[in-house]
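Every chain is named by a letter (A, B, C and D) in the order it is written, and numbering of its residues begins at 1.
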Amino acid sequence: METFFQLLVNGIAFGAIYAMVAVGLTIVFGILEVVNFAQGEFYMLAAYVTFLVYLVQIPYPLAIAIAVGTMVVIGLVVERFAIRPLIGRAWQLPILSTLGISIIMQNGAIVIWTPNPRTIIIDIANLNIDIFGVVIVFQKLMIVFFALALFIGLHYFIQKTKTGKAMRAVSQNKEACRIIGIDVPRISSITFALGAGLSGFGGALVAPVMAIHPVMGIFLVLKCFAAVIMGGFGNIKGTICSAFILAIVESFAVAYVSLQYKDVFAFLVMIIILLFRPAGIFGKKVGI
Amino acid sequence: MNMRISKVLVIIAVGIFLLGIPYFVTSPYVMHIIIFSGIYIIFALSYDIVVGYLGMLSLGHPAFYGVGGYTSVLLVMKLDVPYVIALPIAGILALIVALIVGFPALRLSYHSFAIVTLAFTLIMRAVWINWVSLTNGPMGIPGVPRPTIDIPFLGAIHIETLTDYYYFILILVIITCLFIYFMIHSRVGRALLSIRENEVLAETLGVNAFKYRMIAFAIGAFFAGLAGSFTAHYITFMGPEFTDFYYITMLLIMVILGGSGTIHGVIIGAIAFTFIPEYLRITPEFRDVIYGIVLLITIIFMPEGIGGKINEIIYKRRVKTG
Amino acid sequence: MRKQLTVMTILFLFVSFSSFVFAADPIRIGYIGPLTGSVGLLGNEAMKGATLAAEQINAAGGLLGRQIKVYAADDKCNPAESVSATRKIITRDRVVATIGHVCSSATLAGMPINKQQKIPHVVETSTNPMITARAGKGGNKWLFRPNLPDDINAMVFAKMIVEIGGPKSSYLMVNDDWGRGVATSFKKVMEEHGGKVLSVDYYDEGETNFMSVLTKIKGLKPTSLFVSARTGSGVVIMKQFAELGMKMPVFNQGDMVNEQFVKLVGKDVAEGLIGSESWYPGIDRPMNKKFEQDYIARWGYDPIEPSAYGYVGVQLIAEAIRISKKATPAAIRDGLEKMDMDTISGHVKFDEHNQAWTWVVIAKITDGKVKVVKEVQVDRPAGYWEKWEKKLKK
Amino acid sequence: MDDVILEIRDYVTGYNEIDIIRGVSIQIKGHEIACVIGPNGAGKSTLFKGIFGLLKARNGSNHFDGSDITNLSPDEILKRGLSYVPQGRCNFPAMTVRENLEMGAFIRNDDKVESDIGEVMEKFPVLREKENELAGNLSGGEQQILEMGRALLLHPKLIMLDEPSLGLAPKATELVFEKINDINADGTTILIVEQNAKRALSISHHAIVLELGKKRFEGTGEEIMYNEQVKRLYLGG
């Protein structure tokens, strides 16, 4: 029984991380219609920025803010120079361009920081909280908490604020946006930066409990793709639910079936769902 | 008439040049890279059928390369099947796998297709790594025999030296080029182009888009399988590393920089990107960064690639000269 | 028409490139190994060790009046790349001998090229028994291995796991040729000594989530955990091990018992880790102490196992040249056959399968420092090669 | 009649390398309903897109309400009081009717938006009725009315309507034209493109006939309706 609950808790904690990165992917897809292969790299870079900033004795919460801010800026630059010039041309081009960015960032990280892993050691982050034999460290609790807070904030932002409404509008009908005076490229930039920021937030949060290395993003982002497809491209709630489902399925499958096929479970779930529901479990909504 | 004669002369010259390569290339290392260029020409051309002519971004191509490699290696080593038979079976099995994967995947949206094919590559890789009793898992299969081709009445040809391998891959490259050339100039090719340009319109003209997509996807897999089989019997080793994601980056650069949808462009891309990385005297860490930058710059500034640029120049000149 | 011309021009360009003649002044030695990718760290460390050895030899006047120069080629831990890298370094850099390879699959794919080109190779990090089973007598006479294969390590270390760690063990291994090889040989030896393996799990390099598998292992209540992992995954495993409040002793085959690792996971988490290798820092011999000091002086940080292996690799080639008094590939090969030399990773003398029988060193992390527990000189078990030769025939 | 509010001079525009509008000059006076008719491919929609800044002018100029709007961006043109309702359903299907109307006031930053939405709903009661329904669930006519209502939120001086009755049932068409008349009655100038030429001409004060990117005829609605040549060519007898 302990094992069961421990696995559930593990699944939820990783689900929160998957969801943060996957939501970024899904809103970028919803608005720019681009599958962002570099999303995992934002996660990786943010972890490195957190590490570097923490190294010069800047307190961890501030380090998170700096990491997220850096990712937002990088996101804006990437969107401006590698995505925007390609919008409206062949649909593969922006995807290939994000793939190129991903290769550059990942190998650039190897060049700059070597493949050696780095870590941040914060005692409070690694504090164990033991509830009847089910253990979770403080930082993972924080990750789940911040993820949920972020999703609620994001929901409010998209539903209520002017920029959020404009984002929804762009994802539903770009033509209509232009005739009511919405600056579509500007909204696209904001969205891309937001996606990068979400991913970066995830990276900054896991930095104290994971090893930081150049390929940490790749493994993660593949699962996030699965979550995005399962949730229905561009469907935020569907993506969040799928991310948690995948992480929990993975958690149990690893313990009860096999660790070797860990990366396969998520994809099998995704493919089986696509066979029956080509638009994902939650269906593709119009817009985000 | 004049044009035609000069064309024939050029073809003869190129033919002599290609046949003569083993006689004036003395370095085994350069021969090795030339043979690898041949492998990558087949691999990249087969990928271009999917990316360039079909217009679908498949990330599943390395898996077919692996299917081909494992199939012929296992057939030859475990069942003593002659290589001449194992080679086509490798291609056919890759083709069958492509049909099975394509059946659900080609009905999905473009983006889902890209990710599902990526998932397929990862799943196949997991199978090869973990099905130890069949594939020997991550240890790989060392000591893959070099190909022997039995010809009735003439005896067996043993492919052993680099020169032998060179002529063998040359034949395969020529077969692949001719096949693709005739395919794109046939009904199938025209159907594919019409689907790529405007699927809805093509459907209204009675082109069954799904059927032609399946055909193109399967043919691409077939040639990838051949390339995989050749590689395994050339390296004399087969392992799951043959399906690294690294190959996708390389293929994309060859195809996109070369010019997707142009045979000569892709050939140039494949040769250039087999030779350049080998000759670049830079720290290997930088190489992939440079790959990424080249890919990015090509996409942003020259999405039609080198082949496309050449076509454009030729077209303009023809227009000018009338 | 233009396309054929372009192709021809490109080909000519590269062909002419290759005919550059390099002045053959220094003795050229090639290092082939992973310089990029997930095990790139190990290859780069080995290269640093090799460079240090070459520099020391040069500073002492070189060999036969010539300097040594080490060239590097990246095998990316990939068999196809390994073949290219081997051909490249032999043809283009005109090396007279090569050392290297971390991944056994890369070694197995590169070996035939060394044989074909008649260039001796010293493989110093790969541990798959198949490698030397295929070398020497009746096989590839150009390949030599100074470090011990997995199953030999197991004979010493697996027995010790049962002795210190108790009878029940769970395995967590990297899913590659090395991890799988270690698992198989350790399981066999442990069972022979009355141990029981409760579970064997394989993870892919780069994995970041070990929570579930560790939770499962925790539930099985083994008396010890045996991990074969390199530094990167090792860090994540140990962090999550501590996160779950697990307490059993952890044994490691790989790169977790070193001071870089202690820095990465923190003193408390690393405390008590036990590992085995052919080399550890802190072996109490003047030769080893000098190597460690020199390495720190040259590169600014502590050496890890591959650093030592790369160092030994170059020293062996140099010694072979000294023995034969000639720096040609064939002479080096002959020199290696006659090798009888003390190195920082044990005494190297190759047998008929070109395998040296050195020692196994056991070390433990105590108070955040690596402490050598014991060194065990290994003798070849009776019937060892016969067993592998039989397997190879199958 | 009032002063000229929109003046197009020798205007040329098009897509890619092809000119669709090949030198058109039109003057629209304030408070009138003007319509542009012509066969398919005459460039009617292209003309509207060009005026609204969605296409670059290749020659000539557009002046609106005393200022040059040639090649201004759509939001600049909107701010000067020119709104545009394009052809087909051009709204946000996954937003409610109210949200769609709010989006109409996107470029406004004042606090009167709420009351203006109330006014629009007053004018078009069907929108009030379906306030919280998703726009995508509305009928074609209702969506057209929604889009017209949305355009009104910027208090435009001129609205360009591209094929407002496209795909609508006769009854819905009637309703839409009724509302167009209402909007005009409030003092807004209307410029309209219609395939339902007879119906459009019947409410228009001023009509322009385009053919192959050039102006062929111009006159009052009535004149054009009864012009024999126009009748034979475009009105189907």
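Methods note: contacts are C-beta pairs under 8 Å (C-beta built on N, C-alpha and C of every residue); 3 or more make two chains touch, one makes a residue touch a chain.
Keep in mind the model is a prediction, meaning the values are calculated, not measured.
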Starting at chain C, how many touching-chain steps does it take at least to reach chain D? 2
Give the label of the chain whose average Cα location is farthest from that of chain A. D
Geometric centre distance via CA averages, chain B-chain A, whole Å: 34
Quick one: chain B and chain C, Cα centre-to-centre, how many Å? 35
Could you grab the centroid distance between chain B and chain D? Build each centroid from C-alpha atoms only and quote it in angstrom. 54
Where in chain C do residues touch at least two different other chains? 36, 40, 175, 202, 204
Could you list which residues of chain D touch at least two other chains? none
In chain B, residues with contacts to at least two other chains: 129-130, 283, 285, 288
For each chain, which other chains does it touch, given as pairs? A-B, A-C, A-D, B-C
Seen from chain D, its contact residues with chain A in the complex are 52, 54, 74-75, 78-79, 83-86, 90-95, 99, 102-104, 106-107, 136, 150
Which chain B residues qualify as touching chain A in the complex? 51, 55, 57, 104, 107-112, 114-116, 118-119, 122-123, 126, 129-130, 249, 252, 256, 283, 285-286, 288-289, 291-293, 295-296, 299-300, 303
Could you pull out which chain A residues touch chain B in their complex? 29, 33, 35, 81-82, 85-86, 89-93, 95-97, 99-104, 106-108, 110-111, 222, 225-226, 229, 233, 258, 260-261, 263-264, 267-268, 270-271, 274-275, 278
Contact residues on chain C for chain A in the complex? 36-41, 44, 175, 201-204, 206-209, 211-213, 215-216, 218-219, 231-233, 235-236, 239, 242-245, 260, 264-266
Spell out the part of chain C that touches chain B in their complex, as residue ranges. 1-8, 10-11, 14-15, 17-19, 35-36, 40, 74, 76-80, 83-84, 87-88, 90-92, 104-105, 108-109, 112, 117, 128, 130, 134, 175-177, 179-181, 202, 204
